[in-house]
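Pasting the structures here.
The two complexes that follow have chain A in common; it is paired with chain B in the first and with chain C in the second.
Let's look at the complex of A and B:
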């Protein structure tokens, strides 16, 4: 039997252009392959982490603190999955990244 | 925030003539130039910057919408324009559909917040299928201006 789990982790947006279209797309692509529900919150704004457009609605500026939450069956790899998602948000990007 | 705060009214193109991704991007940037928003000497450089961004990943967000964009030093505030293609343009979009509604954005180099707020505003406006549908059949500039300003879709 698979246990249900919920795991939350905070991350600070490091990209100098904030959470713009490319990191949002990367995040959503990676989140979509996970069986769990993925939610990202920024203050009182919540986004479905599997939707890049939802993530854009967070208006997360550089330095913003976001919370990433995974809810659902614990696959045994949940901690690694949330870490990989947070890495996308914590990546500095580059000057041409917009 | 309303899209009319950054879309240049005189640069809106209700009937795009080009039929390729590069062609419509050139047409939209040319229209912003004609409306007097940057010098001729910067025109080609802005086109290249937007096309370079497309090469990193299509800005076709699905549901027949694309938001091509770039930063560029020639603008001092974020500006944009809207174009509609009746025929549709292949855009390598996320859902594989041709693009009919384009919103092109050019932002200053050092104003990431303005860019994020404009993106959010475009996504928010385009969430309504009725707005997208009405834009696709808009009779002209006045209709598009009313739709992106949050006016009635009926």
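Let's look at the complex of A and C:
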């Protein structure tokens, strides 16, 4: 059973270099495997979350507040997916891996 | 003849014909195409992007194998080639403007770069410029059928690569067999390019400033990577001088010395064993230490784990790198891991901590920075302790200025030990702890520091700079920077004296001074029984050690310590070198 849904979450960019090449790459790679449409907004700029180019063009500096939105079929894991995506933006560096 | 000064990043001399890499100028002949050809252009674009992506993925893999850890930059490029938005935007230009695939892609990338260029100077995103120029070049190569191995030929005549800057893909492609040296207009001592050059042992000079318009491919050029010089179109006398220098260098570090010295021990003529260790930066270099007959790794710099990335390395990344080095060296050869030793400006999580420092070399750097950023520091210490189960690991703290700092480091280590014990994670609790002696205050207080540690390692590069208050990269004062200065010798002697009578305390020298054969008798004479240098210098030092007696060395040290100027010391040591390195006297 699936239903159409839309979920939004705000996140503050914590990486000291801003939303740069590597976090943008990680974000896009992770977003591309999701069935939903992923949109990231920064003020009046919008980016396709599956495009690392779009994400870079947001020019999001450290401290910038971004909104991440997932739209489409609710897989039941949407909340988890949006949380994981926001974690990439909120990470000051890689989290300790254990 | 034209001599340019840049920043010396990788020593050695290279002479050859110039190969100018032009990062700007791929000639696009067809700008527009007839309407019926538009679908073909879009297909060509799709194909080129796919091939560029495959290539970037594979280069990232090769680079990872070469240097022992993932860099991630080329993966970033690959993900960009696969980007649907990028392809759609370029396809739109083809459809609307009837542009050729080449022209459309180039126009679009240039528009993106302009967006970055419009940002305020110093803005971090402006660094992406070279990445996008790289993307443009790679896709145009694919579209125009330029083979990816060009423009640097894989075989044939050796060349010296000259470029404005080397992009990540270009750097990954350099083959030391063909590229004997390189020089770039921009770049700094800690740039990716510089670090790679050192690891690949390619003589290199960066940050030369604009010179490309004065040189063409085919010109004879000399790169003096030790002095930081680029010489274009040398006159016959200069060319001859450098040929001789290169010949001498090849004889020293060439296969003859390496083979004859590899399997013999570094023992003086009167039977005193001197430990010779290697300095390394990347896990992949550990094998160089074994090949050159080193007794272990005396200095494993860990900065590369931190630089050129947007996040701090994880404990697991540290651990994997250390484990690689330890397993390469085996169960008995020591590996001295130096904790992070850079300024806050060089890596991600701490850079937000400080505004630009007016005097960074006297500022928040190295162990000072780690003690203000305990999470970062503990992550590294944990990884070192965990890696300890794989071999003979030692930990060393850099730039210690007071005994209080050293005590703080040790109590932090004790905390980490407790954490690991509680978590039941395997680790080695008792590992030797050492401190670098590279600040004059540490040398002066060596007798106090000696009570706290298992070993000292004298970092001569910083010790010379801080003692003589001179930056060797500043040409106006570089003349003051001299390891042979009597003030430096006195400090080194002080450190050795502080260790006397403490059997368990070893003293090592790990700066460039220990790699200079001229200083070998002096250092042994001052009391050092351990030296650590770049692996390729080890056979040469070993030969010098084997030609010495400790009594002779002590006499050399006594004479040198009575001298008043660096010049006198240098002249004297050169004379002595002719006696102890007979080959050099020929």
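Just so we're on the same page, the second predicted complex is superposed on the first by the 92 of 98 C-alpha atoms of A that agree within 3 Å, B and C clash if a C-alpha of one lies under 4 Å from a C-alpha of the other, contacts with A are read in each partner's own complex, and residues count from 1 in each chain.
The definition used in the following text is that a contact is a pair of C-beta atoms (placed from the backbone, for glycine too) under 8 Å apart; a residue touches a chain by one contact, two chains touch by 3 or more.
None of these values were measured; they are calculated from a predicted model.
Contacts of A:91 after superposition: chain C is touched, whereas chain B is not reached.
Of the two partner chains, chain B and chain C are each touched by A:18.
In the superposition on chain A, no contact is made by A:74 with either chain B or chain C.
When both complexes are overlaid on chain A, the residue A:57 reaches chain B and chain C alike.
More residues of chain A are in touch with C than with the other of chain B and chain C.
Residues 16-18, 20-22, 25, 52-53, 56-57, 59, 61-62, 96, 98 of chain A lie in contact with chain B in one complex and with chain C in the other. Within the complex formed with chain A, the chain C residues making contact are 72-73, 75-76, 79-80, 83-86, 112, 115, 119, 124-125, 128, 131, 309-317, 348-349, 351-352, 379. Residues 16-22, 25, 52-53, 56-57, 59-62, 96, 98 of chain A touch chain B in their complex. Residue ranges on chain B touching chain A, taken from their complex, read 52-53, 56-57, 59, 61, 67, 69-71, 94, 112-113, 115-117, 119-120, 123-124, 127.
Across the complex, chain C is touched by residues 15-18, 20-25, 28-29, 48, 50-54, 56-57, 59, 61-62, 91-98 of chain A.
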